[in-house]
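One structure coming up, written as structure tokens, with questions to follow.
Think of it as A, B, C, D, E and F in the order they're written, each chain with its own count starting at 1.
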Amino acid sequence: MCLAIPVRIEELLDEQTAVACIGGLRKTVNVALLDDLKVGDYVILHVGFALQKLDEAEAQRSLALFAEMGQLAEAERAALGEMQS
Amino acid sequence: MKYVDEFRDGATARQIAARIAAEVDPGREYRLMEFCGGHTHAIFRYGIPGLLPDNVRLIHGPGCPVCVMPIGRLDMAIELARRPEVILCTYGDMLRVPASGRVSLLKARAEGAAVRMLYSPVEALKLAQDHPDKQVVFFAIGFETTTPPTALVIEQAQRLGLANFTVFCNHVLTPAAMHAILNLPESAGPLRLDGFLGPAHVSTVIGSAAYEPFPAQYGTPVVIAGFEPLDVLQAILMLVRQLNEGRAEVENEFTRAVTREGNLKAKALCERVFETRESFEWRGLGAVPHSALRIREAYAELDAERRFALEQRTGLENKACECPAILRGAKNPRDCKLFGNPCTPDNPLGSCMVSSEGACAAYYSYGRHREAAAQAVEVRS
Amino acid sequence: MSRLDLKRGTVEMIHGSGGRASAQLVAELFARAFRNEWLDQGNDQAQFDLPPGRVVMATDSHVISPLFFPGGDIGSLAVHGTINDVAMAGARPCYLAAGFVLEEGFPLADLARIVESMAAAAREAGVPIVTGDTKVVERGKGDGVFITTTGVGVVPEGLRLSGDQARPGDRILVSGSIGDHGVTILSLREGLGFEADIGSDSQALHGLVAAMVEAVPQIRCLRDPTRGGLGNTLNELAQQSRVGMQLDERTIPVREAVRAACEFLGLDPLYVANEGKLIAICPAEHAEQLLAVMHAHPQGREAAIVGTVVEDPQCFVQMQTQFGGNRMVDWLNGEQLPRIC
Amino acid sequence: MSRLDLKRGTVEMIHGSGGRASAQLVAELFARAFRNEWLDQGNDQAQFDLPPGRVVMATDSHVISPLFFPGGDIGSLAVHGTINDVAMAGARPCYLAAGFVLEEGFPLADLARIVESMAAAAREAGVPIVTGDTKVVERGKGDGVFITTTGVGVVPEGLRLSGDQARPGDRILVSGSIGDHGVTILSLREGLGFEADIGSDSQALHGLVAAMVEAVPQIRCLRDPTRGGLGNTLNELAQQSRVGMQLDERTIPVREAVRAACEFLGLDPLYVANEGKLIAICPAEHAEQLLAVMHAHPQGREAAIVGTVVEDPQCFVQMQTQFGGNRMVDWLNGEQLPRIC
Amino acid sequence: MKYVDEFRDGATARQIAARIAAEVDPGREYRLMEFCGGHTHAIFRYGIPGLLPDNVRLIHGPGCPVCVMPIGRLDMAIELARRPEVILCTYGDMLRVPASGRVSLLKARAEGAAVRMLYSPVEALKLAQDHPDKQVVFFAIGFETTTPPTALVIEQAQRLGLANFTVFCNHVLTPAAMHAILNLPESAGPLRLDGFLGPAHVSTVIGSAAYEPFPAQYGTPVVIAGFEPLDVLQAILMLVRQLNEGRAEVENEFTRAVTREGNLKAKALCERVFETRESFEWRGLGAVPHSALRIREAYAELDAERRFALEQRTGLENKACECPAILRGAKNPRDCKLFGNPCTPDNPLGSCMVSSEGACAAYYSYGRHREAAAQAVEVRS
Amino acid sequence: MCLAIPVRIEELLDEQTAVACIGGLRKTVNVALLDDLKVGDYVILHVGFALQKLDEAEAQRSLALFAEMGQLAEAERAALGEMQS
């Protein structure tokens, strides 16, 4: 596994470094591997380096998909219930 | 924590699990390998097996850089650390791993070797600057995720003209290992593998395109999955669907961080600094061609193997340790007669017991109660 | 002789020689800060009367780096830690002893700061430091300062708390959020360096304990989950009482910053150290009352019932995860080291 | 898990983690050697009843190099030293606590030897070690092992010994020859290396003290002349009681080997450490009786009356020399370092 | 202890004292300088002044190598010790002496400098062998007694080819200092000196002949005396007799260990290894010609001054410190207004307070009660 | 002062070293500065080196002289006593 965590960019310090934030924690991180970062972006942080930007729209899409699946499951359960009753 | 907690919701998990249950074909098995220790960890930590139908089997792969590090390479690192002029630094993961003679870097440190733990490789540069009279060696380990930071640090050391800094490079490549698993000779035991859960963070760097050979060459589907439990469940569902539908594709569940091409800047950097080794020994897999990186000639002065004229060592594995079979997915930790006694995370005899991502350690820490419960049932019944 | 230079001076071997410089260090630093009738007597031991009851003694050696941290320092920690170990017997801590091992070259200013902090902690807790000892080791044979504190106290009539008293059906309580101390210390580690809006929870818990045992003398046992954290301490108790435990992750208070730090360092908050929290185990029928008493005390405002003692010959501690699965909460294996994978 | 390797193993950081390895170290080494009902309970504190009387508490941190020496080791020393500090109040020592600070890499075989020696010393003295603590520091941040022991005891009815009780006219006694411990340790110093037919005098003196206070409850004070030796300890007492002292060099027992070592190292035996001797000050009219009691006890066979308390607002300790002159016996100034001139 | 205890007999002392009392001329003063700290020590430790008639006055001379070491040379040693590559080793005596800024070698060690205490210079060689990666410097101090061992060690280091060992040589010469005292300019204050108690152990090496210039050139008698109290008393008697009889000779009380020629082998050895410096600074005496030794060219590679290109330093003395006058015999420690407060052996402000052989320290440790008694008498009267 | 003490040579180990003894203490000392040492000789020991042999006859002579002085003093005191009485 490669331990990594999404963090929010709070402040760009220079080409190489930024301040990132997660759960009330602030940490200076290296952002030299990413271009065009801006404050508010979420990035995947590993060994102190931002490896990739997190696509927030895709994240929402995933969550929406999960929710949908839930509804689908509900519906199926309901259907099953009807059948059995 | 945003983008973490939402992906750990138990209610949603049960709903995805219900979908998996609804969609599996009771007449077949689904043998899925999570390549990566991150998935192994999530699977045990969140109790995912309990949510899956019995015919969906998860096989723990070799995706832990600590677990696959051959003893010989670790012996070399320990030998380096013991040189009086050397300070060896590396990530915490590596410190407790037993090498030949059950010596670990921690033991070597207890015996007087200068060994330092790092959280980030930038600390290694600072260490070198702070100890001009010492040779600071960064014992670099890890998959493609951890490689770009090492590359950056090597370039920076060159720019700074640091004369007392070198890197002992042990970075390994994920797709090569996946090829190796699929190419195992029949003699290595039965391998039935219906699909891969592809690594999350490795893929943020290498991109999903890197896995396209697997469906193409072997007909094995790959679904790249995030490391949160909902990601894992969703990816399992996606694999079940591919298998049910007879498809073999690379799909990406972890779209929020993985693109087809990955991080081009990071890849270019690694390309500048590293080149592929002809072959590299993986603990459990044996020699795997083109499966690891070495520092290029242009950065030769930063290469610890060159600076210290290190000779390749071959360490002795514990004969009874079943790690090789476990890493191949051919066996389960409980099949090892050393598991739990005497091999424990406190006293790891094989490398799968070392990192908590190792299959045996994860099994031990999170799974023992399930075994115990199972035994209790057996006794009662 | 001229006074100690508490601004620019350093600890020298001579301060441990037992001669005039040792006496000066004791007089101008320790005795001045701790000031009480027992120390003023200048003997190699303290004499005092104890209230009637069973006597409790606890000792802890304190080694910590860095020595100063948000929420305390090695001095206050050394006072709180031992007071807590005494208090965990349900006892009222009465007196403390302190042994110092100083490293040659340690700044006297830092030592003074630590000693003042100990004095303040002892004063606030109402537990005087009545005897002590100081040794100096050569540079490179110590680490600034180590402090071993020992406390004695007295158990109120009728109490018999012990780690072997937990019984199936008992409820498990914690007095507040876990991991604050350990994460605070980690945040100061060179190279790790993160800022978090938390400090060590280091505090003396005997006030809370007194309220708890008065209201619910049926408490089976108390223990402070220090090194090894909640996870390891519960394993100790399970082992001692030959029982299992079933926790509910949703009820365990963990601050957001602690969770976040653990996520990015690869640690488990269950095993991160605390220095101002306690675990209580009590019969189920008194659990709600005990929780109410804890909630009413400033040190127990975030207290929670986090699990139940169960029968288990294997003495496993297990936990229902937030996610809904069940996991093993094993003994801490090795040190928790920050990891990358 | 496999047992501790007490032959070839070393102390590792993991042994201080608070986890399973810590528990193993305690179980297989400390608890096994010290074995008693309190330690067996496995709590972070010990609970016991004390006989009635004023309670005494004393603590000492022990740092010594080398760790092993003729006549003892850091383990037995840590037991004797604290028992003695308790006993010097005229008290019966009842229980001990021990805090260990271990250096990473320290051989477990050496640790086991030290712990066995502590256990034997505690057993012989009849004072159990009922609670303890172990910390591990990184290599280079400690020195093998430091041991802080704390003792509690009880003073028999009617006694009130204290260093401030000496009165002009009182006689000063020592229980035996001085300087044996310090010279033994010096003899092992690398480069100094001499052989002497002596060992440390390290021993627990509470038996002797019990006999003394029973026979002569009028004793003003007792103190063990450890660091700083007889000379410095008498200065402490003189200062505390605001008196002077007049010693007679001819009566002070010093072994030939100690005298010789001091001659060739440029040291004064008066300032060399002892670990099994005591100073007693008592009213003149009881001095001979006290001396007789001491002579009758195996630990006081070489006891002697060595001087008299005198009035002196400057609190000088002086000594009539063997040669016939009078000299000042001042506070120890700095460490006694071997000299060439 | 044979040859020690017999020379400390109190009864005999009183009898020699009685002879002195019987023989002194009450009409004159006898101002006798014990050159050597060893005598100063014995005088205080055994209470000899109390045994002497009031008109026999003892003046404490500069015979303590620690007391006369100029601050500048000690600064140089501390500077050496602070170099990261250097381990400086020396005798315990030197460690607490305050140099510039009140820094001592002990303080430097507390601040991280590698400083080791020796009992014998052979330990310095071992240290060098044990630390091949360090430069071991032996800070050599002392009179002619201590010089031959240093010379032996230098020869041995050369024989062993030790590349990481050097000696910072500060050996000084007794007769040169005695000349300096007798040659002090009138401006330095009154000097009335009727005779010398000559050093005991220095003389075992240099022999009694070395003192023959003093009666010859200055008419000042010299009696070489052992360091035991009976030796001192007997030598005082011998000086009284010379003065009474108007003789000025070199006499030898310490015949059991001192010959006219001394130790020829040791002298030859020192001659091989050392040469006389043109001039050397003595604390309290100023620059004294031909009063110290330096390592000869033939052993240049073992000379720390050459190896480290040390520059001569001049340290600042405490202005109020009366050490210079005390060393000249012109003043007594109690004449110094710093004596006892703030200058004490725990916190020495001048070098006479450092070694317990220093005049002020001996006075402080052994003589304070006499002062106190005297004051008490004054108050009462 | 130069701290030194008379010790007895107990055993000659080689050209350079011997075992010396004083007051029950045994110590290896360097004797390279002295020729023709034999067991039983007393030497003056300084910083681990034997600097000079101790001439036992001279020592006895000194002690005898002191004793004589004592007798002389006695005699004088006696004479004085006679005169005063």
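As a convention for this text, contacts are C-beta pairs under 8 Å (C-beta built on N, C-alpha and C of every residue); 3 or more make two chains touch, one makes a residue touch a chain.
Here the structure is a predicted model, which means the values were calculated and not measured.
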{"item": "Chain labels contacting subunit C and also subunit F", "value": "D, E"}
{"item": "Neighbouring chains common to subunit C and subunit D, by label", "value": "B, E"}
{"item": "Topological distance between subunit D and subunit E, in contact steps", "value": "1"}
{"item": "A-C or E-F - the one linked by more C-beta pairs in contact", "value": "E-F"}
{"item": "Where subunit B and subunit D are represented by their mean Cα positions, the distance between them in whole Å", "value": "56"}
{"item": "Inter-chain centre distance, subunit A versus subunit E - centres from mean C-alpha coordinates, in Å", "value": "78"}
{"item": "Subunit B-subunit E separation of Cα centroids, rounded to whole Å", "value": "71"}
{"item": "Length of the line joining the C-alpha centres of subunit D and subunit F, rounded to whole Å", "value": "37"}
{"item": "Junction residues of subunit D, two or more chains touched", "value": "13-14, 19-21, 138, 256, 259-260, 263, 265, 333-334, 339-341"}
{"item": "Contacts with 2+ other chains: residues of subunit F", "value": "1-3, 5, 22-23, 46-47"}
{"item": "Residue list for subunit E, restricted to those that touch at least two other chains", "value": "1, 4, 9, 11, 37-38, 64, 91, 96, 119-120, 122, 142, 146, 344, 346, 357"}
{"item": "Contact set on subunit A toward subunit C in their complex", "value": "1-3, 5, 7, 22-28, 45-47"}
{"item": "Residues on subunit B engaged by subunit C in the complex (per definition of touch)", "value": "1, 4, 8-11, 13-14, 37-38, 44-48, 50-51, 64-66, 91-93, 95-96, 117-120, 122-123, 126, 142, 146, 229, 344-346, 355-357, 361, 364-369, 372"}
{"item": "Residues of subunit B that touch subunit A when the two form their complex", "value": "1-4, 6-7, 9, 11-12, 15-16, 18-19, 22, 36-41, 63-64, 91, 119-122, 142-143, 145-146, 148-149, 152, 199-202, 204-205, 227, 230-231, 234, 237, 253, 255-258, 262-263, 265-266, 269, 357"}
{"item": "Interface residues, subunit D side, partner subunit B - complex", "value": "1-2, 10-14, 19-21, 24, 104-105, 138-139"}
{"item": "Subunit F-touching residues of subunit D, taken from the complex the two chains share", "value": "193-198, 255-257, 259-261, 263-266, 339-341"}
